Amino acid sequence: MFEAFSLPFFQKGLIEILILAIPAGLIGSWVVLRSLAFFSHAIGTASFPGLVLADGIGFSPALGAFGAAGFFAGLTALLGRSRRASNDSVTALVLVGCLAFGVILASDVFGSTASVDTLLFGSLLSIGTSDILLAAAAAVLAVATTVLLGHRWLARGFDETAASRVGAGAAWLDAVLLLTVAVTVTASLNAVGALLVTVLIVVPAATVRLFAQRITTQLVASVLLVAVLGSFGLWLSYQTDAPPGATIAVVSGITFGLALGVRSLGRRGGRIAAATALVLGAGVIAGCGGSGSNGDQLKVVATTTQVGDFVEQIGGDRVEVTTILQPNTDPHDYEPRPSDVKAVADADLVFRSGGHLDEWANDIVADSGSGAEVVDLSSGLPVQLEGEEEHEHAHEEEAAHSSESEAGHSHEGEAKPAEEEGHEHGDEVDPHWWHDPVNVIAATKEIDTALSEASPDNASYFSERTASFDKEARELDRQIAACVKQVPASERKIVTDHDAFGYFTNRYEIESVGTVIPALTTQAEPSAGDLADLEQTIKEENVKAIFPESSVSPALAEAVAEDTGASTSYTLYADTLGPEGSNGETWMSMMKANTDSLMLGMTGGQTDCFGTVG
Amino acid sequence: MIEWITDPLAFGATTRALIEIAILGTVGGAVGCWVVLYRVSYSAESLAHGLFPGLVGAALLGLPLLLGGAAGIVLAAALIALVSRFATDTDTAIAVVITSLFGLGVLMALSPASPPGISELLFGDLLGTSQQDILVSAAVTIPVLAALWILHSRLLAIGFDENSGSAIGISPGLMTGLVLGLVAVTILVGVQALGNLLVAAILVGPAAAARLLTDRFRSMMILSVSFALLAGVAGIYLSFHARIAAGAAVVGCLVTIYLLAAVTSALRERSPMRTRTSS
Amino acid sequence: MSSKPDPRDDTAASQGDAAVLARHTELGYAGQPVLSGLEFEIPTGTRVGVLGPNGGGKTTLFRALLGELTPLGGTLEVNSTTATVAQTDRSRLDYPVSALDVAVMGTLGRLPWWRRPGRRERKRALGALEKVGLADLAGSTFGDLSGGQRQRVLIARALTADAEMLLMDEPFTGLDNKSEARLETLIDELSSSGHTVLIATHEVEQASRWDLVLCLNKTQISFGDPAVALSKPVLEATYGGHIVEIPGQPDLGVLPAHHHHDH
């Protein structure tokens, strides 16, 4: 039951939450006393553009987040000075303004990347030393400011009526408070993510507020409560294998509800609440089961579903494979669960797909204290296509220079060498390499090598399986190529949701006329102009089908289809395999299903190759 | 110049986005006035996250998602109204309720039975607006505007003076609940088409800007709706011609309008003060 | 200087009955008594000064008169429609309404929930504003008015609500002498047009000019004609001995200048 405490990643998470308890409890008390809950929620979310900038230009994300938070606080304070402007509407507006700026930066300037998401959804399971240092700095600042300025903050909170703004003389007091809130929120981002920052800062302090009659009680009890709820939530998340941030949120919410019951119902309510808590606690502990595994198999972790499938194909029963991503989840917004981190910590080998799809894997390996070797399958592939930056720029230049009919073209399908654009990000590679069997064959060779090195006794077993997989893959490649040739080259035109099929279209000489989301990631948002160009292209090129992806919401694709008369009936597996029992549960069946969908789409439902799409 | 205006209308997605933003701009601008006056901007920004457990729950039970979303958001609004009776202020209540519900949603979504991309429902796409979205928005707009029209004076009276509730025969809690309810309905409809960010912006931005420029409720509402429509249309044209992400472009226009209003109001506030002190 | 109004204003209560009748009344929250031993009869159309320290039970009494609290013991009969004139809430000065808008709010109580106030209601509101002497400021923003003017707008709102009894919570706080005089005159006028007016105040000297005083400090200390009910022992019992004598009026006292006005 307490094995968790011996795991390095759990220990780091525990240290982080215990240190964070100090600033969160202290500053949280001021947040609750001064009605700054919305502000502290907003300042966390408003750090988004700072994170995008930090990621795009290349400086520390914490610095970016803090810079954006400071900008947010300053602008809010400035705009809130007007007599008619109520603070909450100003906060909301500056917040959405910051978010919109972040979206524009991410969609139109840099191209969104995965690291932004992991910071917006931080996790106690991947805490590094720098995170702990940041939390410690916030703790020092919170203690210092509370000791030095606490009584002044208290006095201002007492006198200030809801509407009257900061008096001129005391403005700096509030400025220091807002700044300290900003630092605390920034430090909490790594632990729980932007959407749940108020779980640490507001909820425990508000719970204590229901009872505390003195400020000292309020401050001390809040710190203790954050520490207790945080470490209990972290432990519970380990036992139940749930994300710690959400677990702490629910635990804190229940605690608040019970506290409210105790306060409003008096002693009788107290007994009911205690009984409820006991039942809940017992249920939770009863629901926890340990998971055992036998020791003689090679323990391997794969990040994505298709990599997991490759490793299973090669490793057979000599390898125990844990796949982190679930089928049909979008790898661009992944949040680690305790079992994932534990699997990584115990693993002998970690295979990752590479690129921004699973950038988080390196962090997890580093933070879990794992000694596993990480094999990046994308590093030595025979076919490599250019990444999103080039695509985006080629797109824009084209739109500026050439006739409107060309404007929507994607160059993905033509496999231009990356050096053509001569861009600073020229080394970025399209990470969806497994849609080309040639790459998959190379990747399985690499898996074979890595597995054989780790377990030399089984080397011949692995090579045999690799050889037979290769044979099957080559056969599949031939079948797909032959089948696709049935469609005349001039009609082999498709539009997909996002740029995930460059390798497939390149291999089988299909022209990808455009994409709905103009980037390799699913997180960007198109402009009306881009979408209009796409509609025009679809009409002019007589594209028959748009292919939504299984893990992305189809609204945009359907909107374009509605206008152009193209079909959206055939869904493609882009970033993940399908769930068990679907027609895309393994890579082989996924390739067949995608081929069938594409063929049916291009031929208006006339022709398919494998009969996998019903 | 004419082409600059008519070009975007040749494309269905753009046209539908224009219609949708016009409808939701009208509702958002009108409801937004009450959001600003009842100081529930935090709810307007955060209620959408309260949708989450409802959506997941409906998906797991096999019910229509919209139904689950409605249940989730109504539950969130009711809990906020309830908790704010005990907590020191509404903001704290919102933080407690929304984070708990959001966390619950995340945990529920871990169930393998939950469908893929369910969180995407929180992040709709303006350009992905379908005809059905437009019909739903229009259908919801009418009762919301009717409720605002009928209850106008009562909303105004309670917002002005909570204590007058007993004289009018309406409890202030009920009125705040009603405002939260109207906000919830607007969000429920808007989020699917516009996304959380844009709905929050359209609920707060135009009304807050209008508030800066006028001291009368009637003109505030007229200005607010006009600002919402202006920003919506300008944002989509900007997105079309300057190729900026559509939702973000609309939000950008809303924020710009607010900033202009803030500058105007600051200049106006300053000048009469000077004359007053000199006289 | 009270002008002679119509003997029977259309908003006034029926004469003769007691507006409020308290018999052994005990008031409190959640079973805990806060104010007990209430024993009084307030005739319709009188001006009543309600004296007492903060926490003495003035607010509790007002809430009970408004029907927000039911007595824990005894009876409290209220035979008039009642409205409060609260201190103007400072946080709502930024509210985008005109004086007329505020006065119109008073009509809402009589309209069914689906009815919007129309021309008739506006006319009544204008009439009420005229009565409080603010007809020419009907179009001004509420927040831009002076404290005394805002106080009178709220009285107008109570008048449009057809309130027969007005509860005023420290209406003179923060007013200059001129506004104070105006408000006093208005209270006189209201009373002579048949309205019962209860005024919570700390100004003992002012209260002594009205028809009746009610002194409260957890319990009813005294009630009746100020000449009789306001004695030095009564005031000491009411305010707990912190009495400063007014020069030339040894029987009366006032509070120390900086008494708190919080609730």
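When the chains are written out, they are named A, B and C in that same order, and each has its own residue count from 1.
Keep in mind that, in the parts below, contacts are C-beta pairs under 8 Å (C-beta built on N, C-alpha and C of every residue); 3 or more make two chains touch, one makes a residue touch a chain.
Here the structure is a predicted model, which is why all the values come from computation and not from measurement.
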{"item": "Centre-most chain, if every chain is reduced to its averaged C-alpha atoms", "value": "B"}
{"item": "Most distant chain from chain A, judged by the mean position of its C-alpha atoms", "value": "C"}
{"item": "Geometric centre distance via CA averages, chain B-chain A, whole Å", "value": "26"}
{"item": "Distance between chain centroids, defined by C-alpha means - chain A, chain C (Å)", "value": "61"}
{"item": "Mean-CA-position distance for chain C and chain B (Å)", "value": "40"}
{"item": "Chain C residues counted as touching two or more neighbouring chains", "value": "92"}
{"item": "Sites on chain B at which at least two other chains make contact", "value": "211"}
{"item": "Where chain A touches two or more other chains, by residue", "value": "83-84, 86"}
{"item": "Of all residues in chain C, those that touch chain B in their complex", "value": "66-68, 83-84, 86, 89, 92, 95-98, 101-102, 104-106, 108-109, 113-114, 116-117, 141-144, 157-158, 161, 163"}
{"item": "Chain B-touching residues of chain A, taken from the complex the two chains share", "value": "32-33, 35-38, 40-42, 79, 82-86, 88-93, 95-97, 99-101, 103-104, 107-108, 195-196, 198-199, 202-203, 206, 209-210, 242-243, 245-250, 252-254, 256, 260, 263-264, 326, 328-330, 333, 335, 337, 396, 399, 524-532, 535-536, 550-553, 555-556, 558-560, 562-563, 579"}
{"item": "Chain B residues touching chain C - in the complex, by the definition given at the top", "value": "37, 149-154, 156-157, 159-161, 163-164, 166-170, 211, 214-217, 220"}
{"item": "Sites on chain B touched by chain A in the complex", "value": "7-8, 10-14, 16-17, 35-36, 39-42, 44-46, 49, 83, 86-89, 91-92, 94-104, 106-107, 110, 112, 116-117, 119-121, 124-125, 127-131, 197-198, 200-201, 204-205, 207-208, 211-212, 236-237, 239-249, 251-252, 254-255, 258, 262, 265-266, 269"}
